[in-house]
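Chain naming follows the written order as A, B and C, and within any one chain the residues start at number 1.
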Amino acid sequence: MLEAKDLHYAYVVDQPVLQGVSLGVPSNTVVYLLGHNGCGKTTLLEILGGVRAPQRGEVYLDGANVHTLPAHLRARRVGLVPQLHTPVFSYTVRELVLMGRTPYLKLLGTPGRADYEIADEAIEQVGLGHLRHRAYTELSGGERQLAMIARGLAQQTDLLLLDEPTAHLDPRNQRLVLETVVALAERSVSFVISSHNPNSALLYAHQVIVMKAGCKVADGPPSEVLTENTLLEAYDMPVEVIYSASGQARAVVPRRSNGNGASGTSISDPSEFASISEAYPGA
Amino acid sequence: MIRTLGQRMALRLPFSVQQRQRVIYWLVLLAPLPLALYAIGLGRYAIAPGEVLDALVRFVVDPPDAAAAPDLVYNVVTRIRLPRITASLLIGANLAVTGVAFQGIFRNPLVDSNILGVTSGAGFGAALMLLLSAGAGMVQLSAFGFGLLAVFLAYGVSRMYYSAPLLVLTLVGILIGSFFGSLTSVLKYVADPLDSLPAITYWLMGSLTDVTMADIPMLMTISAVGMVFMWAVRWRLNVLSLGDHEAQALGLNPARLKLMIILFSTLMTSVAVSVGGVIGWVGLVIPHAARTLVGPDHQRLIPATMALGASFLLVIDTLARTLWSTEVPLGVFTGLVGVPLLLAILRINKTGWK
Amino acid sequence: MTKKTLLTLLLTIALFGAALPAGSMAQAQDATVSVLADDTAQEVVDAWIAAYGEQNPDVAFDVTYAPADALLGDLSAVQLVITRDMPEDLPIEFECGTIGPIRMLLPDLAGRFLSSVDCDGPLTEPAASAAAFLEWMTRPDGQQVAIDLGLLPSEVTVTDQIGDTVTIPQPVRRIISAYGVSTFFVYPVGGEDRLVAGTFLGIRSDEAYEAMTRIHPGFPEVESAVSTLGQGESNLEEIAAMHPDLLLVSRDSDWLSAADELGIPILHFEGETPEGLKDAVALLGAALGPDAAYRAVQFAEFYDEVLGSIREQTATIEDRTTVYFSGTNPLRVASGGMYQTAMVEAAGGVSVSKDSPGAGWQDVNLEQVYNWNPEVIFVPTYGRATVEAFTDDPQWAPVQALTNGRVIQLPQLTGPLDTPAPDSLIGIIWMANQLYPGQLDLDCEALTTEYYARFYEYNIIPEEMSLLCS
């Protein structure tokens, strides 16, 4: 569905942030975008979302070039949900989600009844129905993130790009957000989620793309991509992957340095593994 | 927990929040009309309400021709009070709604339309013509023109820096405003203290004393065009206030939209200043008051701000012209009334901003 | 030729030769100033004559001292009489001649000059020298002589109009006035020769400039001596460079704290009322010497006379004329505390805005003007104020003053007549005649002529008169 070819971008000349990145995202997929700080994840998302134009390369959504589409048409096909930001005015959740309907409004129009209904439905979908008329500024971090996702949903796009949607959330809220995402992916929308959390990717992603210094270094299902070698290369940090008894990768933990370098607190005893699963319900 | 006056009041009365808010909204929207009718009956020259109504009816239905013998009551009502009331309504609405628009696009509740220097530029333009002993028409035209020039300069200069457009625009706007303010000070310094200096000072303090019917057509046309535009983009202001990136992500062209809003706001502010001089506070206080009353959604905020601004300036101008035998400059009342109003609003609205 | 004829010829020549010097001596006799002075003043008069003689060697004096009661006898051959107790009318009459005004040489010594032959034209000798000498005695050089003899104080202490006590060393030779109104105070007290730099309020047009030059030939130089003089700003260095003995300023001048550093005596003026005006003139008079102080008293008396006359004559008028005194544009009016309102009331009128709040010029709206419905509108001569601004505006037509055609602009010869300066007296006279035309016995021409003669020592010409007494 989404096809990006050879994207290049540099904020400052001679300091490229994206060096020839190409990728593809099929429908009904949750894609995780991993990489170290400054590897170009946010820039990539902005380019994929049509908000920033690449200096070289193209992005196609179902065959249409995202950057040549008129803005409102593009916004009906791909949505970009940014990291949490501080709002200036205290709109209600409903008003905020309603803003997702902007691409569908006529030139001087305002939202109509149908738009309100779609917005309300999106709010229900993320489980915020009871907070509809609350001011956005009064919500918790997780609720706000859900509200932003609801706005993205109200856009009724085929693709939603989420920039670090769980960065400030506690584990419970993280789970809430990501479970919703997966459920929605099964139904209609594809997601590209940028994240610092390989564990999340293990749990929720259908596809993982790893970036390093502006280049794509891995792209594939989590079991193939999330190996110790790949992660070592991507984050420049030794990690250990914990496998379940059936051989499925279940967790990624960093290797701590303790002088002799080797073992650290890696867990290879299945019984210890069980207590971790208690700490994080649903993990 | 409390966001608007409507919610607050709903706690004490049996109506729902929605109903209460709707009532408040419509009260605000319709307030200017009865206020204007009341105000036209007030003035230093005592006229009975019946005669006022007669004069108004005659004005609309069967105006006498210019050659007819002057009827003092008719003249006072239609040629002194009516233009003045109309001007105060229009100017109040102009200044208030441009304040709201700028607060939206600058994402800053502490700005008004002078953030880009239009009022300072207009003040300079007027002072220049007053120094050169030009007629009232030239003064107005010059005020209008220099107001536009100031914003043009601010926008143009800020476009040369791409890194942080909003911040740069704010800074450059403040600089241009200061620049024209300094130029105006120079003019005041060289002005003749018996002659142009009092004229300049008086003009800069803001007053509707000299408003005549001749001033109304241009004011009305530009205000109407501007207000229709603002009303048309009311939804888009909601989206713009989220920030450029998000607005873009939602399918808008923020740069072009902001430019148009700045253009229309500047036209509206320029014409307002050219007729009424420098009237402060309205663009800053009224948007806040309106937000407290009807909430931040610009679908309601834009019309409410226009109505509230119109009512505010009408009340202030009526006080200025009826309280004592001599006129009090508008700047006295906008400050005296505006400051307590803003402080009270900040108290009510404690949880409104972040 | 016979011996007899030669002898006769020689004798004739000798006689003529003797007669010539006698004749020229008789001529010289005619240029001698004859002074009759009180014998108690001998010391100072001798000192004056000696000092004057040093500066003017070709003037000869013939002084006679007599006791007081014998002074006013035969004055026919005298050019200068100096007494302790000078009467207003001297016991002498001329068919064609001048008796000069009283000049105070000391607080208790007065002088006057007499000329028996010059009625209208310039003075001939010796009257001219006598007049010059008399003036000299009242001026700094003469004052210095008296100071040296201990008859005049070497410094004078006064309280200025903001309550400061100021000590002024005498005599004051150089005055700088940095306040456009106080400059005009210098003239009634006879100090214009000592004015070295000054700013003059409201002398703008070429006509005003020329008129002032006629009145005071030194005016152009005085006016331009210091590049910046005024309430807002004055060039202190230039002021210091002119070495003034006295600085006249207004209460509100912004640069005064720096001026204190100059060590020059400073007099602050703030006279926005008729009383204040008289006090201001008296203050300056006290600072400049006994004759100046005397002239200040004369001014105050003249002022009071005129105002008293107007007050008496208008006392019986029940229906006082209401007046709107406008400012730089029609909708600005003078507030109650301003000098313009005091002038209107002194002229017997009632100012419609006298109860309006605020100081200074106030804005009004037309409704209020309709309410007041003034009978007369006075338009000042500065700013953009014109009569047409009223008559061309149809909104003003219903007002009484317009329907009666009584929108009148004040006259102006030199400065504007509605500022708290001495010339405002002419303004008040003019106003009274405008408010009650033909009803008052107030001869504008006579009073104006007297005013300019006594307080500017200037004979006003018909063109100027017609400006002021239209």
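Following the convention adopted for this analysis, a residue touches a chain if its C-beta (ideal position, glycine included) is under 8 Å from a C-beta of that chain, and two chains touch if they have at least 3 such contacts.
A quick note: this is a predicted structure, and the numbers were derived from the prediction, not measured.
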item: Chain at the geometric heart of the assembly (C-alpha centres); value: B
item: Chain of greatest Cα-centre distance to chain B; value: C
item: Centre distance in Å when chain A and chain C are each reduced to the mean of their C-alpha atoms; value: 94
item: Distance from chain C to chain B - Cα centre to Cα centre, in angstrom; value: 55
item: For chain A paired with chain B, centre-to-centre distance based on mean C-alpha positions, whole Å; value: 45
item: Residues within chain A bordering two or more other chains; value: none
item: Complex contact set, residues of chain A against chain B; value: 46, 49-51, 71-76, 79-80, 82, 85-92, 95, 99-100, 102-103, 105, 108-111, 133, 135, 137-138, 155
item: Chain B - residues contacting chain A, complex; value: 1, 3, 17, 107-109, 232-236, 238-239, 241-243, 245-246, 248-253, 291, 295-297, 299, 351-354
item: Of chain C, residues touching chain B in the complex; value: 201-202, 231-232, 327-329, 331-333, 335, 353, 355-358, 361-368, 370-372, 382-384, 394-395, 397-398
item: Partner chain C, residues of chain B touching it in the complex; value: 43-46, 70, 72, 75-76, 79-81, 133, 193-195, 198-199, 202, 207, 209-210, 212, 321, 324-327, 329
